[in-house]
Structure formats: C-alpha cells, structure tokens
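Multiple structures are listed underneath, in structure tokens.
The following pair of complexes shares a single chain, chain A, combined with chain B in the former and chain C in the latter.
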Partner chain A sequence: MDNEYSNVISSIRSINTDESSSLSSNTNEEEYNHHTNGTEAYSTHTNGHDNFDEDEDDEEEITPAELIEKLQQSWLNEKFSPELLEHKTAVVECIIEQIKHMENNIRSAKKGDFRIAIHKLELDRIKFLLYSYLRIRIKKIEQFASSILEEDNRRPSNIRSKLSAEEYAYASEYLKNVRAHLTASVLEHLPSNLQDLNEAVTMPRPDLDKFVFLRTMDNIKGILIDDMTNDGRNEIIDMDKGDLYIMRYNPIKSYVNSGEVQLI
Partner chain B sequence: MLCQKSFELIKQLDSNFSNAHELSPFNEDNVRYTFEECKTLFAQNQIDVQPVLQGDNSNLPTIQMRHAALQRNKRCLLTYVYTRMNWVASLRFELATVVAPKHIKANMSDLEVVWFQKYSKTLANYMKSLSQATQTNSGYIYPIDLTQYTKPPKSLFIHVRCLKDYGEFELSDGHTVSLVKDSQHYLLASDVQDLIKQGILEHID
Partner chain C sequence: MDNEEVEFIAENELITIIPNFQYKTFYLIGGDIGPFEPSVPTQVPLWLAVHFRQRQKCRIECPSWISVEKLEEIMNNEKSSELFTQMPNAHYMEITNVLLNCAPQDIPRADEVKTLIKDIWDLRIAKLRSSMNEFIKSESLHAKVNNLTLLEINTVRNLLTKTLKELHNLKQHVPVTDE
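== the complex of A and B ==
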C-alpha cells in the first residue's frame, strides 16, 4: 500500500516538473528562439514587412495558452473568410514545437498515470485545430488554384506571399495535374478553336462579396462601405471594440489580416 | 436535339452525389457522342462560313447557333469531368487511403485513376515537406498526416463495433486486438479513425 502510494506521488511530480518545463518558462524561450529563426528566414525570403511579424518580434513572451488562442483565431478566420488568408507560419511552427514537447512528456510519463489521458485528449484537440487549419487552406488552394497562383505571381516583391513555400509547391503541382486531366479528358478531343481552357473565365474565384459574421477586436475608424451601384452613396462607418456585425467581406478584408477583426 | 447528351451528363452528376460513397460509372458513351457532335458541328460550320467570308450573311444565324451549341457542349463536358475529378480527390480524405476501393475504381475512367494517383502523390509530397520543414536540430521529424483528426475529438476512447471480420489489429501501444464481426471494443479514437472511415468499424455511443 505504502509503495503504491509513493509511486503515484512521484509520477505526479514527474509530470508536474515536465509540465512546468514544457508549458511555461522553458518553452517560452525556445519558442521565441524558434520563432525569430522562422521570421528571419521569412524576411530574407520575401523582404516583406507586416504587422503580424513585427508584433511577434516585440513580443518576447507568449504563453502556450496565448499561442493556442492565436491558432484558434487564425483557424476561425480561415474557416469563414471566402478567400485564402496569409499563412500564419510562425503560429504553425510554434504549435508543432509544442506538440512535439507534449508528446515527449507523455512518453516519458509513467504508465497508468491518470493525467496521461487528459493530456492526450488535449493534444488531440490541438492537433485537430492545426490539421483542420491546414486542411481548410489546402481545400481553398485547390478550389482557387489558378487565381491564387496568378495573384501570387503578380504580387510586388515587397508584399508577402499568402502561401507558404510548401503550399506554393502544392498549388503549382495540383494545377498542373488539373490542367493535364482536363486536357486529356476533354479539351484535346474538341475542335481546335475550343481547346483553350480559358482559366480566367472557367475556373472558380473566391466570392469576396460574401457576407460574414465578425467581431471587432479594436476600435476601427472610417471603414468605407461602397454600395456597389456607383451612385456615390458610399458610407463611412466607425466600429467600436467588441461589436458584432454581419457584412460583406470585401470592405473589412484588410482588418482580418491585421487581427483587428475576428470572423466568427 | 443538340447538346442533349451533354446535358444528360450534368443531370447524372446531380443524382450521383446524392449518394455519398458511390460514384456512377464514367459515361463514356455520352462523352464520346458529344465529342462526335462537336466535330460534326465544327465541320458544318467550316463549310457554311465560306459564303460569309464572301460577304453573304444568310448563313450567319446558323453558324452562331452551332457555335453556341459547341460552347455549351464544352462547358458541360468540362463541368462533368471537373466535378467528378474533385469527388475522386475527396476520397483521399474521406477514406484515408491511397488505394481507391474496388467498387469505386471500377466506375472510374482510366484517366480518373491516373488523376487519383497523381493527386495522392501531390498531397503526400506536401505533407512530407511540411514534416521536414518543422524538423528541429535534434533531427526528430514530426509526421503530419492531414487525413487524420478530421473530426473534433470528444473523448480519448470510443466504443466501436466491428462490421466485418478484420483479424488482428495492432494498437499504438503495441497491444493487438482481434477484430471479429459484431464484437465490440473500447479503443483509442486516434487508433481506429481509419478503420471507421473504411467501414470496418462503426462508432457507437
């Protein structure tokens, strides 16, 4: 009896110490290091500057809870926005780092500890968020492959690509396969004047005028809402922090990327 | 009537996807017929366009009508192929397998089989590059399989019932269970996701 008891105590303690190292101080540093590596690589890659990066650079401490919250926000935004948003490289990399840590902790924890189950479930939830985020992006990339790539190739060099390097490779290969399939199945059997796929017309594009639900995370002044009729009856509105709106995506799309607006 | 067969293709799509896990056979006959129709229309237009070039416009409405029919045929064919193509690609996620089940594969055209292989390969490359990009100095690669975790996890373990005889199945902790038809088990949800997708196990509450 005594023996068993001390076993449980020591295993709890071991998880506890693991915990504190993985979930607080230790990883903060690592995360941050890892993170700066990530952004450096990014800025040399694209020479791009953007709010998110700068925010992150100033932010020396980010707790795992905040990190998960960031992932959750990115996931929701991506889920509800009609177009592909910027890839949150830093968040994704940090989360994967976290997952690795947690898996290691679970592996090194003693068998039969009841905390393992709770941690595994938590881990499953995080993985679901991450995978779902990446999946939603992949679906969008597939659906709008030709317009996304076209936009990406047209973008000035000082603007950061919405795609990660891996996603760019995926999009190019995917589009190549689609073209090959459509050509072999249909186009090459048609008379010569109909063999052009004419992607600008035939391939789907995101509907930026879709209505979205959103919450404002900050006070935003002077959002220009055009009424789409060229009557000049445009409206300028101010939004207060914490307000809820249902409106067209297009007028607020720049605020989604900067994090001032959260889609819900 | 012109464009009838190509329109039938579109109607067929509609009935096809009401049933989630079935693909109707690739309608080779209608597709071929439509190609022939296009060739005929095109040839007729080539002949009729000659007087127009000479300045005689009496054929113009006929030519325009045929041209519209051609455009419509093209659009229907592309839609048919494109929609099926996306459906086939979605199998990769729904069944979490790189091999299409036999009854579905039988209804795919040769090109669609090739497409599915290519798609799986492209996706595999992406997932591999994703795992490698996150490789740390320790050299530990975290494998990312996006076909996993498709549903928000409610609990770690779930009750499942076997719908088919499967045999021995190895769990992630090294233990094996024997999956016999109609037996019930209480297993790790992440272990059995694939088997549920493949219809071998059923999730019961």
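== the complex of A and C ==
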C-alpha cells in the first residue's frame, strides 16, 4: 500500500509547497503581494509535476480546482451507482491536504480579516462534498459488507482493492460484529441443523439492474443492452459525447470506472 | 438526491457582480477570484455572489437570459417543439430561484421573470410526464434524455427509476410463450 501511494503523496507535497507561498500570505499584506510571483511559479511548477494518480496510466497534472471537480464527479458516481466504486484515494488525500493547509492559513490569519469568512465558506463546501462522499461509501460498505469483502478477497493481486485501508478495516470489523451478534442473539438458540447462516445465499448484494441517469463524457460505440428476459431482446447502441441517457446500470458499469460515463 | 444538493452544484456557476468595494485577488482553493474594483464587473461563483450580496457588498448583474423578452422566446420555443429545447443554462431554475431570493432588486421586472420561469418549468415537467408515460409503454431498454436539466431529472428520478426496475423484474418472470 505504502509504495503504491508514495508517488501520489510526493506530488501532493509539491502542489502544496507551490501553493504555500500564496496561501500562507493570508496573514500579511506585504507577503500577499508575493503571490503574483507565486502564481507564476505555481503554473510552471505544475507542468513539471509527476503524475497525480498512479493507477491511471496516462500522466495527469491537476490543479486544486480540477481536484474539487473530480471529487464532485466521484461523489455523484458513488451516489447513484448501486455498487461500491473504487475508492479515489489520490483525490481524497489531496483534498484533505488542501483543507488542512487552508485551515492552518485561516488560523494564522489576523482576526477580523475580510477574507476569513470567504475562505471558511469555501472550506465548508469542500468538506460537505468530502464527508458526503465518504458517508455514502460507509453506508454501502455496511449494507454489502460480506459481498464486498468476498469480492475483495477473490480479486487477483494485480487489481487494486475498491476499499481504502481504513474502509477495509472497518468492513472486516463490522462484518465480524454482525456475525457475532446474529450468532449470539438467534442462531445459538436454534436447532443445530438450522444454525448455518449460509451466507452464499443470504448475503445482500448490490442490485446492478437499477436504472440510472447518465451523461457520456466521450463517444462510446457498441454498448450491448441485454434485456435479461426470456425473449432475449438485446440492443446495441452508440452514444455521443454529452448525451444524457436513462438505462440500467449493468451495461455501462465498466464505463463509470473509466470516466467515460458520469452518473447524474 | 435532495434538491438542495442540486442547488449546491448550481452554486458553482459563475455570475457577474458589480462590487462596491476594493480588494485584491482572493486565492481560493477552487481558483483565483477578483481583484475587486468598485463598479468594475467581475465573475465569481454564485455562492460567493450571494455572500457578498447579503452583506450589501455588490450588485448582481443579471445573466442575459434572465429577461422577460428572452424567457418569453424560450417559452414559445418550448411550446412549439415536440422535444425538450436546450435551456440557456443547465441550472436555469436553481440560479433564478437563488437570485430571486437574494437579490430581487437586481432583476428587472422580477415578478414577471418569476412567473415566466415557473411557466417554463411547468411546461417542461408536463412534457416530461407524458414522455415518461410513453417511454414506459414502449418497453424500451433505454432512453435519450438530452436537454433535461439536473433538477428536472431529480424531480422524476425516484418514481421513474423504481417503476422501470419493477417492470424489469416482472418481465424477467414472464414465461416464454412460443414453446
């Protein structure tokens, strides 16, 4: 895990060091003027950044504004997809860094500074997005703990887990407690032939046939929409960039992860 | 999704304000804002415009599509078109609502604007209801919903997605009749 993100973290640092010159200057007018130089330095520096997200193969440079945009997109995807999506570790960590950084600046700013209220307001908006994103994930993890963990254990070692380290720990603990509770409160009191929880059958699974609204971010050709019914009525459609659709989640699920489809 | 969350997204839209104060550029995480000079129009996100307006720090320059003439034209287009027409802004309803609430004085003929926006909304929702009905009857597997705005989608989301899901479940259990 550590190795996987070391690159990301170093790039966060560099984003922030570039920024710190501008942001920390909140305290003092003189320093604030430095920012003009700071921004220029920032833009040149950003170009020199190593890629921000390890697991996406194409190299990516990102500004804090784009970071918020990405968080908002991940938030909406997570909100509407029936299954748990991949945890956007890099985005979340970068956003947390940005929040901490800004909070420090606010703390060191002069009392009554005109800017404080505005920076706080922006922070509140970003925090809302972040908390809501994480809460939606926790809710899904609780709901589907057993199937998520089962899938996680089955995944080949070269595929990254959908869970962050913290989420994994939470899911395992949660499942353990639920099992212990079910055993202690009910199963133990049943005849021994009924004591098997039979999780393969009873475990709740996400409903991938849920209908979702989506926007295509790219031209996508040849999406097979399977009717899943006995008459075998299938359809293949092409979607143009920017189109809005309503359809079942299953046929487009791989495109959500790749970012070609945005759930709305 | 709550409608408040749709409004939250709409608050990221840029709006032109005319400040009455002077200040240097703000370095927000989401980008630089300003500098502010009295009477010089500048663009800020809607949430910030509301913040300044509530403190009497600016006037809001109404987006050009929030005018009685423009909205009447949109209304007529919407009436004469069978499909949904493209709105001047993907968050037309939320933005107008926010502005009408926080700065009705800055909108020329605000009352008429309010009525027109409501009429456009009602017209589109009525259209949406009848097309939903047709879509469900057609038993299609998918539908293109271009030009619908997020708030409109959100209004019918629960009803439509759940209905379709139930129908899908029922269809899966229909036995094959030919054999």
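In the analysis below, the second predicted complex is superposed on the first by the 199 of 264 C-alpha atoms of A that agree within 3 Å, B and C clash if a C-alpha of one lies under 4 Å from a C-alpha of the other, contacts with A are read in each partner's own complex, and residues count from 1 in each chain.
Convention: a contact is a pair of C-beta atoms (placed from the backbone, for glycine too) under 8 Å apart; a residue touches a chain by one contact, two chains touch by 3 or more.
Note that this is a predicted model, so its numbers are computed, not measured.
Peer 1: After superposition on the shared chain, which partner residues are touched by A:121: those of chain B (first), chain C (second), both, or neither?
Peer 2: Both chain B and chain C are touched by A:121.
Peer 1: Quick one: is A:247 in contact with chain B, with chain C, with both, or with neither? Answer first, second, both or neither.
Peer 2: In the superposed model, A:247 contacts chain C only, not chain B.
Peer 1: Touch test for A:83: chain B only (first), chain C only (second), both, or neither?
Peer 2: neither
Peer 1: Is A:202 touching anything from chain B or chain C once the two structures are fitted on A? First, second, both or neither.
Peer 2: first
Peer 1: Where does A:131 make contact in the superposed view: on chain B (first), on chain C (second), on both, or on neither?
Peer 2: After superposing on A, A:131 lies in contact with chain B but is clear of chain C.
Peer 1: Regarding the shared-chain residue A:167, is it in contact with chain B (first), chain C (second), both, or neither?
Peer 2: In the superposed model, A:167 contacts chain B only, not chain C.
Peer 1: Is there a shared patch on chain A that both chain B and chain C touch, and which residues make it up?
Peer 2: 117, 121, 125, 128
Peer 1: So in the complex, which bits of chain C are touching chain A?
Peer 2: It is residues 1, 8-9, 11, 23-32, 47-48, 51, 141-148, 150, 153, 157, 160-161, 164-165, 168, 171-172, 174-176 of chain C that touch chain A.
Peer 1: Spell out the part of chain B that touches chain A in their complex, as residue ranges.
Peer 2: 35, 38-39, 42, 70-71, 74-75, 77-78, 81-82, 85-86, 89, 93, 109, 111-112, 114-115, 118-119, 122-123, 125-126, 129-130, 133-134, 136, 140, 142, 144, 146, 148-153, 155-156, 189-190
Peer 1: Which chain A residues qualify as touching chain C in the complex?
Peer 2: 22-23, 32, 35, 39, 63-65, 68, 72, 79-80, 98, 102, 114-115, 117-119, 121-123, 125-126, 128, 207, 209-213, 225, 227-231, 233, 235, 237, 242-248, 264
Peer 1: In the complex formed with chain B, which residues of chain A make contact?
Peer 2: 93, 96-97, 99-100, 117, 120-121, 124-125, 127-128, 131-132, 134-135, 138, 142, 164-167, 169-170, 173-174, 177-178, 180-182, 184-186, 189-191, 193-194, 197, 202
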